[in-house]
Amino acid sequence: MFSFIKKISQKKGLPPGTPVYIGEERTEKVKLTIIDYDGDKFEMHQAETVEECSHYKEKPGITWINVEGIHDISIVEKLGACFDLHPLIVEDIVNTEQRPKVDISDDYIFIVMKVITWDEAAKVIHVEQMSLIFGSSFVLTFQEKQGDLFSDVINRIKNNKGKIRKSGSDYLAYTLIDNIVDNYFKVLENIGEDVEDMEEELLDNPTPETLHKIHFIKREMIFLRKSVWPLREIVSALEREETPLIKETTIIYLKDIYDHTIQVIDIIETYGDIISGMLDVYLSSISNRMNAVMKVLTIIATIFIPLTFIAGLYGMNFNTKKSPFNMPELNWYYGYPFVLGLMAAIGIIMLIFFKKKKWF
Amino acid sequence: MFSFIKKISQKKGLPPGTPVYIGEERTEKVKLTIIDYDGDKFEMHQAETVEECSHYKEKPGITWINVEGIHDISIVEKLGACFDLHPLIVEDIVNTEQRPKVDISDDYIFIVMKVITWDEAAKVIHVEQMSLIFGSSFVLTFQEKQGDLFSDVINRIKNNKGKIRKSGSDYLAYTLIDNIVDNYFKVLENIGEDVEDMEEELLDNPTPETLHKIHFIKREMIFLRKSVWPLREIVSALEREETPLIKETTIIYLKDIYDHTIQVIDIIETYGDIISGMLDVYLSSISNRMNAVMKVLTIIATIFIPLTFIAGLYGMNFNTKKSPFNMPELNWYYGYPFVLGLMAAIGIIMLIFFKKKKWF
Amino acid sequence: MFSFIKKISQKKGLPPGTPVYIGEERTEKVKLTIIDYDGDKFEMHQAETVEECSHYKEKPGITWINVEGIHDISIVEKLGACFDLHPLIVEDIVNTEQRPKVDISDDYIFIVMKVITWDEAAKVIHVEQMSLIFGSSFVLTFQEKQGDLFSDVINRIKNNKGKIRKSGSDYLAYTLIDNIVDNYFKVLENIGEDVEDMEEELLDNPTPETLHKIHFIKREMIFLRKSVWPLREIVSALEREETPLIKETTIIYLKDIYDHTIQVIDIIETYGDIISGMLDVYLSSISNRMNAVMKVLTIIATIFIPLTFIAGLYGMNFNTKKSPFNMPELNWYYGYPFVLGLMAAIGIIMLIFFKKKKWF
Amino acid sequence: MFSFIKKISQKKGLPPGTPVYIGEERTEKVKLTIIDYDGDKFEMHQAETVEECSHYKEKPGITWINVEGIHDISIVEKLGACFDLHPLIVEDIVNTEQRPKVDISDDYIFIVMKVITWDEAAKVIHVEQMSLIFGSSFVLTFQEKQGDLFSDVINRIKNNKGKIRKSGSDYLAYTLIDNIVDNYFKVLENIGEDVEDMEEELLDNPTPETLHKIHFIKREMIFLRKSVWPLREIVSALEREETPLIKETTIIYLKDIYDHTIQVIDIIETYGDIISGMLDVYLSSISNRMNAVMKVLTIIATIFIPLTFIAGLYGMNFNTKKSPFNMPELNWYYGYPFVLGLMAAIGIIMLIFFKKKKWF
Amino acid sequence: MFSFIKKISQKKGLPPGTPVYIGEERTEKVKLTIIDYDGDKFEMHQAETVEECSHYKEKPGITWINVEGIHDISIVEKLGACFDLHPLIVEDIVNTEQRPKVDISDDYIFIVMKVITWDEAAKVIHVEQMSLIFGSSFVLTFQEKQGDLFSDVINRIKNNKGKIRKSGSDYLAYTLIDNIVDNYFKVLENIGEDVEDMEEELLDNPTPETLHKIHFIKREMIFLRKSVWPLREIVSALEREETPLIKETTIIYLKDIYDHTIQVIDIIETYGDIISGMLDVYLSSISNRMNAVMKVLTIIATIFIPLTFIAGLYGMNFNTKKSPFNMPELNWYYGYPFVLGLMAAIGIIMLIFFKKKKWF
């Protein structure tokens, strides 16, 4: 749960710029996909070696290299060397606990984002780091593991849908970021359904289990918020920065992403408020129930305790023969019916009293 | 309840600028009202086709096209093409989950707002999206469904009331925004009445039902706040922006709207504070009642438990004949009156003790 | 309580600049006081008609027109026309639910403030709107109802105390604002006394009544805060604004008001913190008492329940003659004293146990 | 407690610039100490009249006039006249409820601060106002009452320690402010000790008394915060302001004070957080204890209630002779031992049940 | 615990710039390590006297003097004199309660930071102050006590790893700061593990002990936050400041530290949120348990109290011979079985009632 901390401190004592992979251990082969396109042509294939990539660097057209798997640091380092990336950037790519951020330099823009998926069974979010670097004619993306996150975008390029084939690397970068932000809505939709279920459960039949569910989803919201919140600054920085890497026409699309990011944060905060409200309601429900339990106990106890006392009274063994003062009631002709009536009267008075107090 | 999320994620994977209607499904015919006026003339009719609209574009005077229903995307797209709107704007118009915002470009200003209505029966707010675009001589408005939201404004134009006929498209846009903001006061008035009722109920006779009501209205306030809050920035941006589309004389009216928006937000926050206070009072009330219940139980129990013990004591069957030490009280002449007196004394002492403790 | 909302929505659908009086209904005659002075002369009388006022407009010296009662809209409109006020300003004057604000134009400065009075009996604040407009040689003030709010200032002018007669309209406006801010201290003093009383009550003998008092005063603080908070921006705007209407020498006085306003807000927030703290203490007190109640019940019950059981045991009717195993204690010579001793021992052990647990 | 409000409203209705002393009533003679020094000479004596002071105004060297007691307004007014202070400044000096602030004019800088002392016995803070005015060659200080607040500084001047004798009036002013800020650390140290004691008490044996202590210290922290918080802006304003009254070399010392002020505020907020945490722990402790009390009651009651029922059962007087079904157990040979065994078994089962539930 | 306050106030009354050591009392000898290097050479030895240090000042190459122990003020003063440090800086170095800060002057940059270590046994953080001063060719570091904090960095210099030997004093300073920030991750990792353990304990078996643990770790987080938070401004100031002391190429490394600092603060706040959530869950758990306890009591009591009453009823000693109305049931043939059946019926009805209420 807090395991993400453990790995960062492994880096302690190393010189800056030393790349250390700190994500989950993986052994699978790293998948390198090269996509090269311009308005007219489209080429896509799996690269066997990193060296193949450098070949595409010189060619005209947009080159997008998608790296799935960053546990093999040497591949990232070679790519970094090929595209002249600063050592600190290579370090950041493999440091999977990076906070989302943007670094804008003259030759390229480096963006770190988090890809969120919602594990419905365990009710936890999974966070994967996605690094994106784009220069004037290339885009590099680094994912922690293989997946089909970008299949929509690849199809759009392949089928020449929209203006993507006619646009530059900045538009491709925008499309990829947009894709990830759209993904947040999907996750929030799933969480929203769970919150809705929880709320129903809360109003119908709250159990200590419900409390734990609320607690866990609240914690997941904290982590989600932490992953998404910095995105706002990132997109805002891209929008404001005057760099030749981002064309005038792309700015309006960045504004669109900015709006979506704000909306995602808005929804996260709304959920947070709703979940906090649920906690209040849960606590009140417990109090309400305790109140109900106490009332039952009190009604039963206060009715029967005096009656039991009376019964006990006439169960005393005072010697009625020794003195006329000793429990003469026991020898009355209507003694027993009288006592029964007395008891009934007390019980009824008690019930009226509780009725008046609106206890039932 | 959280269903608004579900639809946004439908858009995932589509190229940007692809309009997708994500509101409630509708089949009714879209209503297109064209209002064309200047200081002298006034014309209003229902357009059968979108093409009719483009005709008015060229004519002098102000043209206002009010579209009621945006589920037929083709109509919005055609209008967008006719008035040279950016594809992202068309996309935003039909995306009914847009966050309120303003986009200012050289040729037109695009505003997204939320129209709020209060469903008194279900105690929920309904949110409808209203998009407004105005250029130098035209105003377009898009509503999700048919309604008479703008009937007051139409009447004012028709009857040449106020300065609206003599003013430009910016004044018309202002009037429409003002109309929607005024509507917020109506909704807040209704909610205010419910809050007032709830508070009375809370002080008179709080039930778990009251808690749920407070919880639900609190949640509605969260959604309401989310819909209204961004309006502040919108109006402020319109005021500050130096654009030829907004005339000097209209600025003072925008300031007026700004004041109203601040007031709406003020009221929402005041209600929020009041509702939070009610929750505190509710919780205290439960505690107070539990306290009262416990006191009744404790008074009854602590008085009768010792008495019952004494009665039990003299109900023991020790053989008084075997030994003078065995319960000689049972054979005393005044044994029974003495025990009764003892019991009365204990009861009275207890009552005095509770009285002193201010338990009743 | 929330009734102030109801009236604002009456304005819905009217063209902007249409003045609508939304305060309490009143029928009394509007009182128009004209005060005209300069360093040498002083004139004050009740005007019968608005037209009289316009006469003073042209005269040299400072003219102050104090209007008590704004329910007669025509008077306000005529005055507005006479002094060339914008229609939106006239509308704001009669809209008694205006948020405090300042509008600075070339010819005059328009300020809306709230006059607060504390109704000691009902423990509520009353809020009255005061509008103030001043140009280079005139000051207009509009109050909702007749009162002696400004009698101090009038006396100071009449008796030529301080520098008011030698100063311009900006100094008069400052004096009037200062007067209202000073009034806030009076109200806060009264509220402070009530808070002090409440705190004593809270520590001595908190009742559910105390909770309601805390709740109500907390709500009044919310409304008070809402009325005073915007004043900060108003004074700050006046200070910063470079307008010929405010002379250099008056700025230092505005700084003084600014300091006072900050102090008022400071006190309101301090009270708010104290009241919140009182709510915490109240809740803790309830818990403490419940705890005390429970302890009494538990001590009594846990001591006597075992004793009653023993008494019950020896009240069983086993046939001692049938078997030597059947309750031989009943026939012991010291049976009864032994059982009494046993009971006393159990009781004392219990008491020691509770003493150790520090239950009493 | 809230009495500080009462006096401010006494000023209502007076023209601005009218000095009114609103502190505690005092009758003692005001003490005027004149200290005149430069690098070479040092002179210090008690002035009998204010007029004496004006004599020092013209002399070269730094003149520091320390006024202990401001209830004699005429002295303050005369000094104000002598040093050309604005009437509003004279008013602020004697208005002991001034919020800490700084006023920078061309000829002098006016600073209002609060001197805090901690009354260990009553556990309350005492707040005294200290006004400080310094021009190019003079420093005036005004305290509410006699005290030895500045004795350290006077000794340092007398004994020519540090660079004070060689520096200007701005350095003296800095030294005096530094002296007061250092004093805050002393107060915070004392409060810290009390908080520490309280925390130990809280963990060892929390009583309702502890709650009241927490409540009171929390309130004192609110007042303390209110007195110290504005100091941050004051020192920051002095640092930033470009005035010939503050020399370049003094700026670094002001930065030092700024750091200390931030540290004081930091500590106050840390204490606030700790005290809030203590309140949470207190409330939890009450709940925990209630829980413990309830468990004892429940264990005793649930063990003995069934046993008492069984005892009661065999205390019934059914006529065993009339029918073989009527309580034949009473005539069994091992009836009594059997019942005792049954009771023991029930008790033991109950205890095992509670043990399993981890109730003890 | 709050002892850090006590020492600061010792300084009260001393002239500014008087260094006073306020840390723990120490007697060990101060350790002075001199490291002198450039691209080619590396020299490191323990200095016996401060005078030795001044010798290195003039030599080319970077000189790093690491002082372990600042309780011997004379050493710090001599070093300060040797490197021309301002007296206030010397004072700040030995004032171990300094808030983290940066002072940038023309000749050197002075940074105060906190080194945090986590005492696993006592579950408290230890805070040690580290002062760092660097000029164009020297770096001075001051630690409170001996330790191997910088051993990694020393090794890196010795073994010529990374670019440290080829870089200037600013890069060395960066490396040292980076080292300390990396150390924060180590501490947070340890705290994270404790928080994780606590959370498990909380969900499995919360005890009052758990509450105290949560309380203490919450307090440690307050102190940790206080130590780390100002670092953000420090690094940000270094980044922005245009000083020849920090080379262009080092800026990107400072950005890296800035990112890490933000991440540390992020984690601290996330932990804070999680710990707050745990407190809520703890309180709910107590309520839940109390509820469970109350239910057991109520079920047992409400079942047996009526049964005990019935048993008591037939234990009354009414004389059945005197009247046929006096408890004829006692003489019925099936009296006892009937009563037993009645009791069983009541018990079963009660159980069904509780089952329906979902009490077990």
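In order of appearance the chains are A, B, C, D and E, and numbering begins at 1 in each one.
Criterion: a contact is a pair of C-beta atoms (placed from the backbone, for glycine too) under 8 Å apart; a residue touches a chain by one contact, two chains touch by 3 or more.
Here the structure is a predicted model, which means the values were calculated and not measured.
Enquirer: By that same contact rule, can you tell me which chains touch chain B and chain D alike?
Expert: C
Enquirer: Taking the mean of the CA coordinates per chain, how far is chain A from chain E in Å?
Expert: Inter-chain centre distance comes to 25 Å.
Enquirer: When the C-alpha atoms of chain A and chain C are each averaged to a single point, how far apart are the two points in Å?
Expert: Computed value for the inter-centroid distance: 41 Å.
Enquirer: Could you tell me which residues belong to chain C and also touch two or more other chains?
Expert: Touching at least two other chains: 283, 287, 290, 294, 297, 301, 305, 308, 312, 315-317, 327.
Enquirer: Put in order round the ring, from chain D and then through chain E, what are the chains?
Expert: In ring order from chain D, with chain E immediately after, the list is D, E, A, B, C.
Enquirer: Inside the complex, what are the residues of chain B that reach chain A?
Expert: 1-2, 5-6, 8-9, 11-13, 15-18, 86, 88, 97-99, 101, 103, 205, 208, 211-212, 215, 218-219, 222-223, 226, 279, 282-283, 286-287, 289-290, 292-294, 296-297, 300-301, 304-305, 307-308, 311-312, 314-317, 320, 327, 329-337, 339
Enquirer: Could you list, by residue number, the parts of chain C that touch chain D in their complex?
Expert: 152, 156, 161-164, 174-175, 178-179, 182-183, 185-186, 188-189, 192-193, 195-196, 199, 203, 252-253, 255-256, 259, 262-263, 266-267, 270, 273-274, 277, 280-281, 283-285, 287-288, 290-291, 294-295, 297-298, 301-302, 305-306, 308-309, 312-313, 315-319, 322-323, 325-327, 357-359
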